[in-house]
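Shared between the two complexes below is subunit A, which pairs with subunit B and subunit C, respectively.
Coming up: the complex of A and B.
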C-alpha cells in the first residue's frame, strides 16, 4: 500500500467520485503488486531457483529524501545519442509503452516530449522473471532503468531518439501508475489531420482531457504549448522592462465594478460584498496619475460572462499596459505594435521546436506578421468589407463574422495575420475613450487582431476630470458610482493610453489552435470550475 | 526562346462611326437604353456629330446675312450692360471675401479636388516584393510623378524574411524618405512588403495580384495616363516588347541568355538618349533600368551606364 501513495498523491482529484475511483484503483494495484510479489522484500524472500536477476528489478522503496539511500547520476532521455554509445547510463523516465514478445520485452520510455526504446532480453544475467516483471509494469509509471546505450541498424521511427536504443540491465519502479488510464497518451497526442482518412481516428474528447488534465498535459503538444505560453509572458516582461516599463501589481478584489456592472463576479467580503476585478484598468491609470509613466501588469482577470464559445474564459491572464505619452497616442499604439512584433520574433526564433511539435499534431499555417506592423484605419476596414459585400455602418461595431472576414481579406492582401485597426467609432467605445479632435464620429482608440480575432482593445483615455464627467453623463452613467475613478484625475494627470491583452488568446491564435481551453492549463468557463 | 515577338498595328476591320439611316416605314419606339425620362442621350447614337456642325455653320451664315437688322445695336448694348453688371457683382463678392478674410485659395482647391477625386477611386496599393529582387522602378516612378502625385511608400518586412539584404534596405530608405518638391499634392499610399516571393513581385489592388514588375508598371502607366502612358505612343508595340525583354531578364537564370537579352537594350538605345530613340523617358526605360540593376549590375557600363544615370536623373 505504502508504495502506491505517491501515484495517488500526484493525481489529487477534487471531485469525490474521482477520489473514490482513485482509491479503488490504488487498492487494485496494491493487490496486484502483492499477488505478483514484485516488491523488493517479497522478491528477496521467495527466491526462485532459476532467477539470476534478483536485486536487479522490483519496486524501489518510497523515496522520502533519505540521505542514506544510494545516489545515482541520471541521464536525460534527450541526451541519449550516438556519441555516448557503449556507455552504461541510468535513466529515470515514464514508461510510455510496453510490449512483450516471447523472451523479449520492448519498453518505450518518455521524458517530456522525448522517447527512447528499451530492450529487455532474456540472457545469462537477465531472468525470465525479470522480463515478465518488465512487461507487466503499468503504463505511465515512473521507472529507473540502468542500461547500455547501443546504436541501431535502422532508425527507430516511433521514438524521438532514433539512432540509439537502451539494453536494460536493471529496472526499478519509482512510482507506479494505476493500471486503468482514463485516457491514453497516444490517443491524446494523435495528429489531427482533416484529410487523413486511413489513419486511426481515435481522439480524446475535450471534456475527458480537461477532467484528467494531469494526464492530458503529459502529451508533447501540451508540454510545448505551455512552454510557449511561458515564453509569451517572459518576452512580454523582458521587452517592456527594456523599454522602461515598471511592473505593478493591482488588487483583484475591488470595491466597485470597473467596466459596467453586468459581467462581474460578486464575492462576500466580511459583512459586505466586493467584486473580482474585470480589468486592472483603473489601477493602471492611477499608477500613471501617480507618475510611474509606463506600467504593465500580469495577472488574473475575471469576467462573469455566460458565453460558451471557443474564445471566452471566465478567468484568464491579462497582460495589461498603460503608458503616458507626449503628443499623440500613436506613440503608445506603436509601442504596443512593436511589443507584439518583438514577441512574435522571439517566439519564432526561440521557440521553433515547440511550434514544430504543436504543428505536428494540429497542422496549421505558420503565423505571419509584418515589421513594422500594419495599421489600418476603421474607414479602410469598412471599405474593404464593403468590397467583399459586407456593409458595416459608420458608427457600427464589427460583428465576429465580419472580424473574421476582415482577417481573411487582410491576410490575402497584406499576407499578415497580425494587424492594428485604428480610429474606432466613438459611439461603440467605453465612456473614458478620448474623442478624436477633428472627427466627431471617431475616437482615439484601436483594436489589434491575430488571425482575425481581437486580442487587444485599447485607447487614449480621458485624463481630464471635467471631460470625463461630461462623457460619463452622455453615456448615462451614474456619476456618484465612478467618483473614485474621476477623482484620480483631479490632481493633474499626464495624457496616457494603453491596452489589455488576453494571454491565452495570444497563444491560441499564434499557434492557430481552435479552442482557448487548449491554452489555459486549468480553464475556467461557465460550465467548469474543476479541476 | 528566340527573344520576344514584335507586334504591329493593323487597321480596324469594322468601322463604327458611319452614319446610320433609320428606316421610316415602321413606327418609332422609345430607346430603352436611354435615360428614363424619355430623352435620348446623344452619346448613345452614332451620327449626331455632323448635324451639330451644320447648325453652327447655319448660325454663322444667318449672322452674316443679318448684319443690318434694326434691333441688333440694341441687343449689343444690352449684352454690354449685362456684362458690366456681372463685373460689378464679382467686385462686390471679392470685397465681401476680403472683409471675411477668405483668401483666393478656394479656386485653387477646386482644381485640386478634381484630381484627388480621380485618385480616390484608387484603393491602397500593396506590393509584395522579394528582397533579392528589389523593384528599383518604384523609385523612378516616384520621381517622375512628383509634380503631380505624392506616391507615399511605406515598407514592411514580412516574418518569412528574417534579414533584409543590403540592396533592399537601401531601396527601402530611398523610397520611404522621398519627399516630392511640391507639397499639397494628392497622395497615393503604397505599402511595399518584403515577402518571400521570388522574381515576380506581386501588386495587389484587390484580392487578385498582378504578377511581375513589368505588369505592375503597365498597371501604373494606366493609372497615371499623362506621365507614363505609352498606349497612344506610335511605338507602342516596340515599348511592349522591350517590357517583355525586361521581364525575361529578371526571370532567366542562365548567364548567356542574360547577355543576349541585354543586347536588345543596347541595340534599342543606339546613340539616342533613351530606348527606341526617344528623347523622353518611357516605361520601357524604367523597367529596363530596374531589371538590369536587379540581376546584372555588372553589365551596366559604357553607353548603358550613361543611360542609367540619365534615367535616374530624369
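Coming up: the complex of A and C.
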C-alpha cells in the first residue's frame, strides 16, 4: 500500500516546484486514497468524480522507511519478455522519454542499459488526468509502474525489450527529477563514429559530462565501461590469488618522496608534513623481504605531474604486484604475461555484452592478443623503428609517438595488440632496477603495451643493500632519505621482480577509447578535482 | 649450475663485512668451482686439498638473472614429510637458527611459518670447512640447501615438520643477513598470554616491531594475520559480487572537506589545495544516483584525528558499500548483516590454520555469532545499560566504555560477539542521515559491533535534494560548499542506504587482538608515518 500520511520530510521539500507541479496536482486529487479496495471505495466520494484513477497515480511521499513499508515484488526491465506476457508486474525505473498523443501516453522506461515501452491509454479505468500526469513526469524521474506485460505486433526498435510493452495500471513518482537537465542522456549516448551519417547531431563534451557525472554515468556505455572495469580488478585479483599471491594494503601517506622528490603531492600531517605515495613500490618490496613471497595490491596512486594529456591522471588506481623468484626475473615477467592473457580471455568471455555496448557508441577494433604473449627485446624494437625511419639511441627511451609507431609495426607483423618489451636501457630506469649482468647498457626491466601505449612498467629490483646504495648514489639520490628503503634489504631478501599496472589505461586501451577520463569514474587531473 | 663469474654488482657490494666474513672465506676456497662434475674435477686441484666439499657450499653471486640461470626444482618446507623420505630435494628458506656441536651443525630452516631441521655432519663427502661455514651463516640469511629427506626416530618438537629432517649435501647463501638483528624473530614470536609461565621472557615492544617491520612481519603470527586480512577483503568482495554489487573506485583527493572540515588532511594541489577523503560517502552515493544500484569500494580512508588509542589510525582501509532499496532501509541493513555472517563463516572455515597460529601467541576466545544476526534497538540498549547502572541520555551517543559494557551484556545474554544496533538518535548522526519518519528523536541509522567495538557505521541517506539542504542548514553547514553533493540528488535518485567498515578493526576484533597496529601492515597514526 502507499503510505497515506506524507512524511514530515516530504512535506518540507516542496520547493522543487517546476518539477513537481503536475505531480502535486494529481496527488491532490488522489490524496488520502489507499490502494486497498475497501478504503478506495469509502474515500472515492471525497475526490473529483470524473477521475476514475484516483489512488492509481501520483507522487509518493519521500521513502523514509516507514514501518508500514510496502511489500511488493519488482521485475527488472531486463527480465521483461514474451515468457511473462499477460502477467501483471511492478517495475521501478527511470522515465527515459515520454510522449503524449491524444488519449495516449508513451513512456520509455530505462533501468541501467535496458529500456521498455509503457503505454497509458484513456479507458474505463484510466482517467484523462492520469494520462496527463504521466505525460508531464520530468525525464530521469524514478517511477514505480504497475502494468500488464503485452506482446507487440512488430518489434519496438527503439527499446532493448523489443518483443513486449507494458500497459500501465498504476504510475507513481518515487523521486522526481528537475525539469531542466544539464545534459540529455540521449545526446550523451549518441554514437561517435568517424563514418557516422548523423555526424552533425549534438554531442556532449568531456567537461560537461564530468561536471554532471551523475547523469553522464547513466548512459549504457558508461554502465558497461565501469562494469568491465570492475571485471578487470576482479580478474586481476582472482588470477593472482589462484597463483598463490597474497593481497596487501600499502600506505598512501609516506614520510619521504622516495623517487627523488619530483611530481609528489605534499600533505600537511599534524605539525609536520608528509607525501602521497607515487607507487606502492617500497611497501611491496618490504612484503617480499618479509617472506610473503608473492603479493599484490590494488589502490590509489598519486602523480603531481602537470600533464594534460589523454592518458595522464593525477590520481589513478594501481594494480601492483611483486614476486620472489628463484634464478631469473623472467619467471616473474612471464607470470605477468600469463596474467594479462587470462585477463584478456576473461574480458572477452565474461564481458561480451559490455564490449558490444561500448562498440555501439565508439568504433572499436576488437582487442587481439597472442598466447603465449609476444616478448620483444629492446634492441630489436629499435631495429624495427629504424627500419621504419625512426632512430632511437641505444640508451634512449621511446617517445610516445615512437611507442605508438612500434605498436602499429608489431600489430602488422605479429597481429597482437599486447606485447612485452624486455631489456630496457639501464640509464633510463629507476635506481632500484637490477642492471643486466652481461650487458652494461641494459637492465633487467620491461614495459608492457596495449595498442601501442604503456600499461605496465616493471623490473627485477635490486635486493642487496650494498648494490642498492651504490646505484642510488650513482643517481644522485640522498642516501639518508631512503635509509628505511635500503634497510629493508639488510636482513636477507629473496631476488624479486614485479610491476605496476594503470587500471584506467588497461580499460581505456582494451576498449580502444580515446581518453582516460572515460575510464575513471571521477577523474583527477591538474585542472580537475571535482566533483 | 652456479654462475662461476661473480656479477659486477656482487663484487662491488662487499662492505657487509661482518656478515659475510665466513661466507667469503668459504667462497675463496670454493671459488671458480662449478657443480658440473666435469669442471669440478679439473678445478679441484687449485684449492686446499683437505676440503672434500669444494663446490658444495659458499656464497652465491648476487642473483641477477644471468642468462645461464640455474634450472632447479625447489620443494617448499611445508611439503617436507615422510612421504618423500629418501628423496634428494632443494630447499630455499631462511636460516632460522643454527647450532654447532662438534662435527655436527644443526640448522633450523624457516619458510613462512614452517620450519624443518637440517643436519650437516662431517663425513667422507662433507668437510670440516663446510660444517664450519654452515655454523657461521648469519640468522635470517636466505640459503639454498640440497639435502636428503630422512625420517627421524622421535618427533622434532621444535619444528613444524616433526617427522623428517634434512641431511644436507650442499649449502649456498643466496642473500646474507647482517649479523646484528634489531629484533629476534624468536622474541617477536613468543606467546603473550596472561597465564604464561615464561612471563619474564623477553618480548618485543610495539615500536621496535614497527620500526623493523620487515623482520617483525616474518613471525608466524604476522604471516597468519595478514593472510587472514586478505581473506576478509576477498570474502567481502566475493559475497557482494555474488549479490550483484559492482566494484567502484572513488577519488582520495577531493575539493572540499565534505563533513564540516574537521579532521581532514590538506594536500597541496598544483597552485591550489585540496583534501584527502575521510570516506567515499559522496562518491558511493553518486554511483547510486548514476544507477549502479549496488556498489562497493575498498580503499584508503584518511582521518586527521589526533587520537592515540589502540583502535585509531590516521589512514586505514575502508570496506564501503551502498545499495538502492525499494521501501525500507532494513533491506540494506540485513544485507550487511548477512554479509558479516558469511564473512565470519568464511574465516572460520577457510582460515582455521591462521586463527590457530594467532591463538598460539595471543589468548583468543573464539569469535561467536548468530545466524541471522542479532538486531538491537537503541532504546533497548539504553535500557540494558541503565539496568547495569550506566545512564545514557536518549539523544546521547554511547561512550567507548558504554559500548564495551554493552558488548559484554549482549555476549552474556545472547552469546554473540557481533550485533547490529539500529535506530540511533538523529542528533548524533551526520546531516545526510534520514530522520525516522515516526519518531522525531530517532534516525534510520545503525552501527555494527564486534566484541563491543564499533566496526561499521551506516544509515539510510537522504536522497532528496531539498530535505538534504534543510538538514545541512540545520547542522550549520555552508550549503555552497556541498553544492556538488546536493546536486547529485536533483535528477532523481533511488532511496538507498549503506555503510563503511574499518578493515583493520574487523581483523583485530575477529582475532581478539589488543591493538589495531597489529592488523595494519604499515600503520599510520599521529606519531608514525614510517616506514
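Just so it is clear, the second predicted complex is superposed on the first by the 481 of 531 C-alpha atoms of A that agree within 3 Å, B and C clash if a C-alpha of one lies under 4 Å from a C-alpha of the other, contacts with A are read in each partner's own complex, and residues count from 1 in each chain.
As a convention for this text, a contact is a pair of C-beta atoms (placed from the backbone, for glycine too) under 8 Å apart; a residue touches a chain by one contact, two chains touch by 3 or more.
Here the structure is a predicted model, which means the values were calculated and not measured.
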Could you say whether A:86 touches subunit B, subunit C, both of them, or neither, answering first, second, both or neither?
-> neither
With the two structures laid over each other on chain A, which partner does A:102 touch: subunit B (first), subunit C (second), both, or neither?
-> neither
For A:380, decide between first (touching subunit B), second (touching subunit C), both and neither.
-> first
Is the number of subunit A residues in contact higher for subunit B or for subunit C?
-> C
Going by the contact rule at the top, pick out the subunit B residues touching subunit A in the complex.
-> 123-124, 126, 128, 156-160, 162, 191, 193, 195, 204, 206-207
Which positions of subunit C touch subunit A when the two form their complex?
-> 3, 7-10, 12-16, 62-67, 69-72, 74, 92, 94, 111-112, 140-142, 174-178, 181, 213-218, 222-223, 226-227, 229-230, 233-234, 237, 241, 246-255, 265-270, 274, 276, 282-283, 286-287, 289-293, 298-300, 302, 304, 306, 314-315, 317, 326-330, 434-438, 440, 444, 460, 462-467, 470, 484-485, 487-488, 490-495, 503, 520-522, 524, 526, 529-531
Spell out the residues on subunit A that touch subunit B in their complex, using ranges where they run on.
-> 344-345, 348-349, 366-374, 380, 383, 387, 409, 412-416
